[in-house]
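The letters A, B, C, D, E and F name the chains in turn, as written, and every chain counts its residues from 1.
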Amino acid sequence: MERYDKGLEKLKEVDGKAGEQVVASLKEIAPDLGKYVIEYPFGDIYARPGLSLKQRELITIAALGAMGNAQPQLKVHIRGALNVGLTREEIVETFIQLSVYAGFPAALNAVFAAEAVFNEQETPG
Amino acid sequence: MERYDKGLEKLKEVDGKAGEQVVASLKEIAPDLGKYVIEYPFGDIYARPGLSLKQRELITIAALGAMGNAQPQLKVHIRGALNVGLTREEIVETFIQLSVYAGFPAALNAVFAAEAVFNEQETPG
Amino acid sequence: MERYDKGLEKLKEVDGKAGEQVVASLKEIAPDLGKYVIEYPFGDIYARPGLSLKQRELITIAALGAMGNAQPQLKVHIRGALNVGLTREEIVETFIQLSVYAGFPAALNAVFAAEAVFNEQETPG
Amino acid sequence: MERYDKGLEKLKEVDGKAGEQVVASLKEIAPDLGKYVIEYPFGDIYARPGLSLKQRELITIAALGAMGNAQPQLKVHIRGALNVGLTREEIVETFIQLSVYAGFPAALNAVFAAEAVFNEQETPG
Amino acid sequence: MERYDKGLEKLKEVDGKAGEQVVASLKEIAPDLGKYVIEYPFGDIYARPGLSLKQRELITIAALGAMGNAQPQLKVHIRGALNVGLTREEIVETFIQLSVYAGFPAALNAVFAAEAVFNEQETPG
Amino acid sequence: MERYDKGLEKLKEVDGKAGEQVVASLKEIAPDLGKYVIEYPFGDIYARPGLSLKQRELITIAALGAMGNAQPQLKVHIRGALNVGLTREEIVETFIQLSVYAGFPAALNAVFAAEAVFNEQETPG
C-alpha cells in the first residue's frame, strides 16, 4: 500500500478532487485500474525528484494537447496545472506553441478545453 | 524580413547549427517552407513572452515524444533543450513521464533518441 | 453480391443490430460505403479462417482502444466482443493492458466506453 | 497587418462566417492565436499560388479526416470545401477513400461529419 | 478475379512498378493481403468515378503525410502522384500546407520524402 | 523488489532474451525506466489473471500495429507472441485485420515487421 498512499498524496497536490473522482469512477468497472492510476503515475512517477510539479504538469498538458484524443484527461490536467502554480497565461501559451508541432486544430481544441476549465472555476459551485 | 530575422536569432539561441541546417536542407526542395519554419515557430511563437525558453523546449520535447512519429525533430529539440539549459536528467525524466500518457513504447523511443544525442555530443567532432 | 451476403451474415454473428444500423445510417449519405463496410471487413476479413471470432474482436477492441479516436466504433465492437463470447472481465482487462502501450488516458477512455455499453445492456429497452 | 488582412480575405473566400467565428471565439481566451490562425494558415499558406482553393480544401479534409481527432475543424473545412466548389459527392468520395489509408472508422466518422454539415445547410436558419 | 484485374490495371495507371513490387513483396508472408491490397483500394476505390486520379493521389499523400507514420507508403504515392500528372510543385505545396493541420514536423518529413523520390527519379537506373 | 522479480519472471515467459536486453539497454541512460518497464507492464499487468499470455500478446501486437509508430516494440512483441504459442499464421492474420481499422499502410508495415522477425529466427545465430 506504500506506493498507493504516496500516489494518493501526490495526486492530491496536483488535483485534490480529481484524485478521488477518478478512483470513484473506476470503482465499479475496473477498481484495479483505479489502483494502478494512483500507484504508477502518481506513486512512482510524479513522486520522483528531477522535475518540479509545475514542470510535470507542463509536460502532461503538452503531451495530451498534442495527442488530441484525450480531452477528459486534458481538462483534469489543466486543472492540475493551475493547482500547482502554472498561470492561465502559461497554459494558454503552451497550447499556442502546440500549433507548431501538432498543428492548429490541436492547438485550438486544447485552448477551448482550457477556456472551459477556466470558466467552470469562475462559476460559484 | 523582420519576423525572419527575429526567428533566426531565436532559433540560434535554441540551436545554432540546426537553424542553419534546416534552412539549408530545404533550400532546393522547398525554400519557402524554410522561410516559414523560421518565421512562424521561431519569429512568432518562440519569440513570445509568457514562457521561458526552457519551458518552451520542455513543451516541445514532451509533444514530439508523445506523438512518436517525428524522431528527427525530436532529436533536434533534445539538442535545443540542452542548449537552453535543461539538464540531461530533466530530459530523460520528461520521457519517463511520457510512459504514463503516451505509453511505454513512446517513452522508450524518446529515451533512446536522447541517448543518441547525448552520445553524439561526447564524440569529439 | 456473394461477398456482401457473406459479410452480412458474419456481421450478424458479431452484432446483429449494429450490422443493420450501420448500413441504414449510410443509406442516404454514402450507400456505397455501407456496401464496402459489409464486404471488405466482414465478407473478406472476418470471414477468414485463421483466427476465431473471439480473437478477432479482441484484436479490434485493442486496436480501436489504442488509437483512441474512434469511440463510436469502439462501442460497437465492445458489444460485438460480448456477443461472440468475450466476458466483461476480459474486455476490461484488455483495456487495462492498453495503459502500457497507449498510455493511461487511452485505457481510461476505453474502460468508460465499456462501462457505458455494459450499463446500456442492463437497461430494459 | 498585411498578412492578417490578406489572410482574412482568403479565409472569407473559404468560409465567410467561420472566419469571423474563429477569431471571435478566441477573443477572450487567446486573441493572439486568433491572429496567428488568420496570418499563417490563410495569409501565408492558403494565399500561395501552386494549388487551387479546391485542391487546398481537398487536402485539408483528407488530412483532418485521416487524423480523426479534430472533428470541429473537419466540419469547418467541409463547409469550406462546399464554399470553394467541391461537390457533396467529391467530399463523400474523399472520405470513402480514407478507409484505405486510415481505416474504416476514420472514414465513417468523417462521412457522418459531412452528413451533419450537409443537413445543417438544408435547415432554414 | 474481376476486382483483382480491375485493381491491377488501376494500380498500373498509378504506379506501374510499385504494383508488382507490393504484390511480390507479400507473396511469401501474406499473399492474401497482396490480393486485398489490389482488390479493395484499387479495384473498388480507385476505380470509382467521382474523383480524378489526380484528386485521389492528392488525398492519399495528404492523408499519409498528416498521419506521419507510414513513410514507405507515402513514398510510393509520391511516385504515383507524379505518374498521374501532379507536378513536383503541387506535391511540395501539399506538404507545406500540412504544416497548418498536422504541424511542421509532419510537413518537413513529407517534404524530405518527396525530395528522396524526386532525386531517385533523376538517377539513371 | 517483489513486483520487479515477478515482472522479470513474466517477461522471461514472454521473451527471455528481450527482457534482459531492454533492462541492459536502459542501464546507462535511464535505469529507473528499466525498472518500471519490468514492474508495471510485466509485474503488475502481464502477471494478472483474466487473460492468457496468448491473449495478452495478441492485444499488444494489435495495439502497436494499429498505432504504427513503435516498430522496435512491435518486433519485440511479435517475438513474444511466437514464444507464448501464437502461430505465424495468427500473427499475420492479426495484421491483415488491422487493414480494416487502421488502414492498409499500418497493416503492411506490421506484416513486414513480422516477416523480418520470422526471417531472423530462421537464420542460424
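Keep in mind that, in the parts below, contacts are C-beta pairs under 8 Å (C-beta built on N, C-alpha and C of every residue); 3 or more make two chains touch, one makes a residue touch a chain.
Because the structure is a prediction, the values reported are computed rather than measured.
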| item | value |
| --- | --- |
| Set of chains whose contacts include both chain D and chain C | A, B, E, F |
| Chain located farthest away, centre of chain B as origin (C-alpha) | C |
| Between C-F and C-E, the pair joined by more C-beta contacts | C-F |
| Of all other chains, the one whose Cα centre sits farthest from chain A | E |
| Centre-of-Cα separation between chain E and chain A, whole angstrom | 39 |
| Chain centre separation in whole Å, for chain F relative to chain B (CA means) | 30 |
| Residue list for chain B, restricted to those that touch at least two other chains | 32, 36, 40-41, 45, 48, 64, 67-70, 73, 96, 99-106 |
| In the complex, chain A residues that touch chain D | 67-69, 92, 95-96, 99, 103-109, 111-112, 114-115, 118 |
| In the complex with chain B, residue positions of chain C that touch it | 99-106 |
| Contact set on chain E toward chain D in their complex | 40-41, 45-46, 48, 50-51, 55-56, 58-60, 62-67, 70, 73, 89-90, 93-94, 96-102 |
| Footprint of chain F on chain A - complex, ascending | 32, 36, 40, 44-45, 48 |
| Contacting residues of chain F [partner chain B, same complex] | 22, 25-26, 28-30, 32-33, 36-37, 40-41, 64, 67-70, 72-73 |
